[in-house]
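Both complexes below contain chain A, partnered by chain B and then by chain C.
Up next is the complex of A and B:
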């Protein structure tokens, strides 16, 4: 019964995204920017995966923006328009409402962007189950999780659609502009640099990155995501809707 | 909006994005090349292996001393055949040329090897430039298939609805 209600909540959230033209825009942006660039051909898997990974970093900016818009629309927009009050009348815990929104949006974004990365890999003759491809997909998952939890947190705090989008962009550009001045391994606590460090260490076996750098990159992304998620849920539970 | 129509619109949006990506790739030529020196008389040499996409391939090469040589572009199967029997039916065959600029068709996306042969009785060198351009056949085919499915799903649903709906005349 409990799961049935939760399933209904996720279905409502999906129906909201299913409306024109949200999915079309996400798929269009992901496919065009993910597949349009060309690189010099090579038969070496390592060079091919560098092409796939380079493309993933190109996609990160678009992915971050799409995540910010989706969460701003789904969470902050619902609070702003007071539509969330209708959901509060549904006999479920507030946590379930936020969890359903989070799960649907994260899954959708990850499935779309991972499909584009896999398609890019197939163009370079790299199968999806290739270890190098799995590493790239794992990093993509961590990045998606980090940006989603950040957007979720800012959505429940700002409670306004445009304010959330702006805050995510400002936050991202602030950390990518000021934090690179830090010395490694602290520098790799920033998701973009962290993703680069993780890929170079795991896939390329680069000697420029140590195990410490890799650990800092991985743990900072996971820990920050968990903290953002917990704070979002606690804040949402106690939140007053004006 | 009915689900078949919605799925159709989604597939057409995907096809449009794929077409734009394919268009961008088609008009962003990729050039690469290399050289081989000191080719001994009657020597066969394997040059670089590259993963080529099914596009147009412009091959431009010239020999250092101006004597004609033979160039084959072979896929992995043809390369294996050549290694075992010393004969093969290559994808691209350029025989007894000292210089050439020509465009060829790459049939499928796979790893190809350039084989060069110096049939002369003196050493020779070669410089070769390759350019890939044009629409990729597999990407274009995928786009076309998605477009057809995107049109077929709502059309089929519309036709089946029309066929199963009771006519007003009969009801009257």
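Up next is the complex of A and C:
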């Protein structure tokens, strides 16, 4: 019964948030950003899929913005418009409500962006099950998870759509503007630089990055995601709405 | 006609609060509130900002009280909110439903959340019950205010609740819509035994269907009880009587010792009584003896308005 209710909540969320034209719009822009190339073709096949200095960063920025908008609409918007009160009156746990929103949005965003990267790989004759491709998808998943948990946390705290989007943008630009001054490996605790470090270390075997850099990048992203997620759920569970 | 005590099918209170206190920062929204319902259709009235919505939100587990207890069906409203929500339906004052959904789809989802066996059919039946069958496949965003309110009632009813809490249910409705909604509430209580707690400002409407009223002001209950009892306590003891033969009944009534004054206006008899209990016992007997039909016998006050007004004045003093 519990799973049935949870499934119903995820279906509800999917039908409500991912209705036309949201889905088409995100896919369209993701394809545009993902497949358009601004750099010269590289001899490395993987560089043709994801250019570390160019496309991947652009994709990250775009992905971050999309995640912020979606979570702001789905969670903060629901609280702001008091639609969440309806869900609170039905016999379902608050944790299930938030989990359904989180899982639907994270899954779909990841599927869309992963599809774009796989498509780009296929165009470069790189098979989707190639180890390097899986590394790229793994890093993409970590990035999606990090930005989603951050957006989720800011959504349940801000409780307003535009405030959430603004806070995510401010957060992102603050850490990318001020934290590069940090010395490695601490610098790679910042998700965008961390993603580059992980990608270069794992996929390209770059000597510019050490195992320590990779560990800091991976662990900071995972740990911060878990902390953001836990705080979001605890806050949402205890949240008082009037 | 308002219910009398004898007509109420359920008398046990479903909702009970004991010294319930809720503060928002320095402001006290509820101050040792002791609320209970009448087990049938109960009214919850008070001026704006009195604490009605805050109380309802505590009952539904949206808010945690600072002090005191609140129980529904004997279950703690904060700790056992999930069990309570399985048994109740709620229509909020300014509801917001997913505008892109059709009413049918929306209710199907809600039905699933209540764990219904056939949510699709139940959604259809509920929409029919509230008079929205014709608009079942229309997007909710295209609904008028009246349709929206009916949908609100439908989503509150689909889980087959034992108690439905309505916060200002007639606020967005025109007069005919209000009457329809009140009739529906009365019918649902009669046919299915569903109990209601209705929070509203519109007292004459409430009086038509409620058997119990709780009056709240500045976060505390200033008066509560069966309307009939409160009417006896506060009203001027004037009754309105409709019979099949008004002139004969009026003559008979005027001879009674418990009557202070009786008169007729457009075939309706009004009687100011000295002894309410004697009057309520004797009036039906007089009608039977004179072989006429007693169609209506109810206090003329507007009882609730008078009770409300006196209770509030007393509180202010």
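One rule holds in what follows: the second predicted complex is superposed on the first by the 224 of 242 C-alpha atoms of A that agree within 3 Å, B and C clash if a C-alpha of one lies under 4 Å from a C-alpha of the other, contacts with A are read in each partner's own complex, and residues count from 1 in each chain.
What we mean here is this: contacts are C-beta pairs under 8 Å (C-beta built on N, C-alpha and C of every residue); 3 or more make two chains touch, one makes a residue touch a chain.
It should be emphasised that the depicted structure is a prediction, and the values quoted were computed from it without experimental measurement.
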| query | Can A:28 be said to touch chain B (first), chain C (second), both, or neither? | reply | first
| message | With both complexes overlaid on chain A, does A:9 touch chain B (first), chain C (second), both or neither? | response | second
| task | Once the structures are superposed on A, label A:124 by its partner contacts, choosing first (chain B), second (chain C), both or neither. | result | first
| request: Scan A:227 for contacts with chain B and chain C and give back first, second, both or neither. | output: neither
| query | Looking at the overlay, does A:134 come into contact with chain B only (first), chain C only (second), both, or neither? | reply | neither
| task | Mind working out whether A:18 is in touch with chain B, chain C, both or neither, as first, second, both or neither? | result | first
| Which positions of chain C touch chain A when the two form their complex? | 24, 53-54, 57, 60-64, 82-83, 85-86, 88-90, 92, 94-98, 100-101, 105, 109-110, 112-115, 155, 159
| In their complex, what parts of chain B are in touch with chain A? | 1, 6, 9-10, 13-14, 16-18, 20-22, 24-25, 28, 30-32, 49-53, 109-111, 132, 139
| task | Spell out the residues on chain A that touch chain B in their complex, using ranges where they run on. | result | 18, 20-21, 23-24, 27-32, 34-43, 48, 123-125
| task | Sort out for me which residues of chain A touch chain C in the complex. | result | 1, 4-5, 8-9, 11-12, 15-16, 19, 81-83, 85-86, 88-93, 238, 240-242
